[in-house]
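So, here come the structures, one by one.
Each of the next two complexes has chain A plus one other chain: chain B in the first, chain C in the second.
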Partner chain A sequence: MQWLTLLQKEMTENVRNVKWIWVPLIMILIAIMDPLSNYYLPQIIDAAGGMPEGAEIQLPDYQPSDIVMMSLGQFSSIGVLIIALMTMGTISGERKSGVSELILVKPVSYVNYISSKWTAAVLLTLVSFSLGMVASWYYINLLFGELSFGALMQVLFFYGLWLMLVVSLSIFYNTLCRTPGLVAFLTIATIVLMNLVTTIFSHLLDWSPNKIANYIQQLLISGSVPSELIGAAIVTIVMSAVLLIASVYTFKTKDMAA
Partner chain B sequence: MALLTVQNLRKQYDQKTVVDSISFQFASGKCVALIGPNGAGKTTTLRMLSGLLKPSSGTISFAGMNRHDDIRKYIGYLPQHPVFYKWMTGKEFLVYVGRLAYMSKQEAEQHAFRLLERVGLSEAGNRRIGKYSGGMKQRLGIAQAMIHRPKLLMLDEPVSSLDPIGRRDVLNLMDELKQDMTILFSTHILSDADEVCDELLVLREGKLVESGTMNELRETYQTAKMELGLERNLAFYRDKVAALPGVSACFIDRNLLHVSAQDITEARQTILSAASDEDWPLTSFAINRASLEDMFMKVVND
Partner chain C sequence: MEVISILSEMDWAVVAPLLVIQAILLIVAIIDLIRVDNTHGPKWMWTLIIVFINIVGPIVYFIFGRRQE
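Right, the complex of A and B next:
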């Protein structure tokens, strides 16, 4: 009940500050950027003045799975940035401004407070991401060849888990510090660091959440779910859960007013 | 029976003790003022009572509350500078916090409506809070503190940031509210405390230096002075008065003889009988009670 009230407030807030408009729009934009620009590259080059006399470029013959990976590549850079920016103040901003003093002096359970914030952010992220991928999928089918609906659903599910982890990280940092900018920085820094560690110790970290995108590529090519993807998915879910529990814990040990 | 009992409440940040082992209690139905200069620890105390800060040590107990109960159910709290969601309307905010305190939607809406009326915001209730003035926010703040019918209403400096009109509004509102609930509020202005409260808790540098009813404090800190007006020879009579038993000091200022004494009743008798026996040219005789501010200064500067 209380959880629903909190969630409803988050949703209304995100509607009134038009997050429910700009986040899906940007996600769609970055998802369809690659399918369109790659398909129309020859025309774009012509329009820009064409190639010099005698020069020739061989454009690769893209498979649908290549384009999906390009779209996911945009999500892993710009998409993650958008998520970090959109969630950076969800708790820290309320504590900084002082609104949380009025809310948390009511008998609000910290678990409800944090999990409702998390749910609202995950919903916005996943809906926007799905809309973006559906748009990308539409252009892939139109311009590059068939990609099955089942494959799309698998992409949405597994990559969605990764984005959920990004949100969980941001929520965790939200409970740790009260400067929204710092929250965004720490979230992105952590993801960059995770990428680095995964790359360096690649052979040891088969189940690293950062490898989900690689495994999705394998999945699209082979058509079957690689066992490492299941492992990475489980690790991602466990990490998100641990981050949420840690968030509640840090919140409980903190003084709610400066 | 005491509604709220606080024992040895302490708050320490690193090396600095902000609130130092204070203990007090008060009964239901009282209006209590927590008074002290800026930085005395009033806000910290209220925040600990409201559950926003964790005490370093000490206990807070509420009548009828068992150990695992959430104290936040029974108290309403208004911070010194309340901040709201600017995108909500006043009514939406009240309903929202009411729902957070486990009220049904219908109940929260009905009560929000009544409270908006009570604090004089019925018309502004459907406007965005972002457009409210400081006084309106303060009144909405009081309404949100009362939405879940708390047993104790705590207000942190409810009037100090308001203009005279807003201040008057809020003081009148508090006067009304104290008829049906217990109020604990902090202030650094003694006359505000004097106006609405029954009991005083005086804080200085984190310590509780004095507590009691307004009249008790007046009696303790009474330093009554007498002022004598005389037609002529002030210096001559000054020496005469100074020699009388019971008079502790006597000086001339602005053509008046200022006399202080330990026992004002006794001193008055001796002076007046001397004056009538010797036929002094008296023009006026007055007893000045120490002003509230004098008393406040005396308590906090000790």
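Right, the complex of A and C next:
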């Protein structure tokens, strides 16, 4: 029950600092940016002065799955950046300002403290991401063609796992260092590095979490879940769990120092 | 003239959500700015940033302008 109280405290805090308003709005915005701008591309080109005489560009005929991938592409860049910036101070900031000491002086277990922080951040991230994808799905059905609700749910589930890993990484770095800016930098650096390693050793790392987006594309085109996607999902869950355990451990050992 | 014709051609049901989101962000940021005691950097600077930089202004304020406390 202590955990619930702590979670409630986190939720209230996120409502007070208006994260529950701006994070969902940003996620909706970055999700619908690409469907809209691609649909209106001909008009935008016209408004910008039109094509030169005689030039002709055949605009591709987008399938719904292409647009989903574009929205996910935005999430993997701007979305990850927003998540890293939004969670960068959640523990490190409290330690800097001394709030965490106020909490931990009471008989609060480290596990509860970290996991309530993690749950609050994951909830906020996943709800915002889902709202964004639902908005994108609405526009896809309106402007580009049918995409089934089942497909949307699969996209939400598998890509949500990847975003969960991003939050876990950020929480882990939160326990490791005290400067919020450094936390955000390390989170993003790690993701870039993971991306690089996955690209270089692509043939070896079939189950890398970074490949989830590629597998989602296969899933949307073929309509069935590729077996590699299940593997990648399991690896992602295991990595998140390990990061969470590691953050409790580093928090325990580093808390009293300095 | 061209701008006007484009404006009337646009499907407002499609574009309206974008404008609404932008407006909500701006209003929430301004209310929050009035409510909080102090920010990183002067308040008048944040007012200018929020009002004059579309979409990005309020976000930058929420991330960097607010003091945790």
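We take it that the second predicted complex is superposed on the first by the 255 of 258 C-alpha atoms of A that agree within 3 Å, B and C clash if a C-alpha of one lies under 4 Å from a C-alpha of the other, contacts with A are read in each partner's own complex, and residues count from 1 in each chain.
Please note the rule applied: contacts are C-beta pairs under 8 Å (C-beta built on N, C-alpha and C of every residue); 3 or more make two chains touch, one makes a residue touch a chain.
For clarity, every value in this text was computed on a predicted model and none was experimentally measured.
By the touch criterion defined above, A:52 reaches neither chain B nor chain C. In the superposition on chain A, contact of A:97 is made with both chain B and chain C. When both complexes are overlaid on chain A, the residue A:60 reaches neither chain B nor chain C. In the superposition on chain A, contact of A:28 is made with chain C only, not with chain B.
Contacts of A:89 after superposition: chain C is touched, whereas chain B is not reached.
Once chain A of one complex is fitted onto chain A of the other, the partner contacts of A:143 are limited to chain C, with no touch recorded for chain B. Once chain A of one complex is fitted onto chain A of the other, the partner contacts of A:106 are limited to chain B, with no touch recorded for chain C. In the superposition on chain A, A:17 contacts both chain B and chain C. Of the residues of chain A, those at positions 17, 97 touch chain B in one of the two structures and chain C in the other. Against chain A, in their complex, chain B makes its touches with residues 47, 50-54, 70, 72-73, 75, 77, 79, 81-85, 87, 96-97, 99-102, 141, 144, 148. Remark: chain C residues 2-3, 6, 9-10, 14-15, 17-18, 21, 24-25, 28-29, 32, 55, 58-59, 62-63, 66, 68-69 touch chain A in the complex.
Listed in rising order, the residues of chain A touching chain B in the complex are 1-2, 5-6, 9, 13, 16-17, 97-99, 101-108, 255-257. If you check the complex, the residues on chain A that touch chain C are 17-19, 21-22, 25-26, 28-29, 32, 36, 39-40, 43, 46-47, 82, 85-86, 89, 93-94, 97, 135, 139, 142-143.
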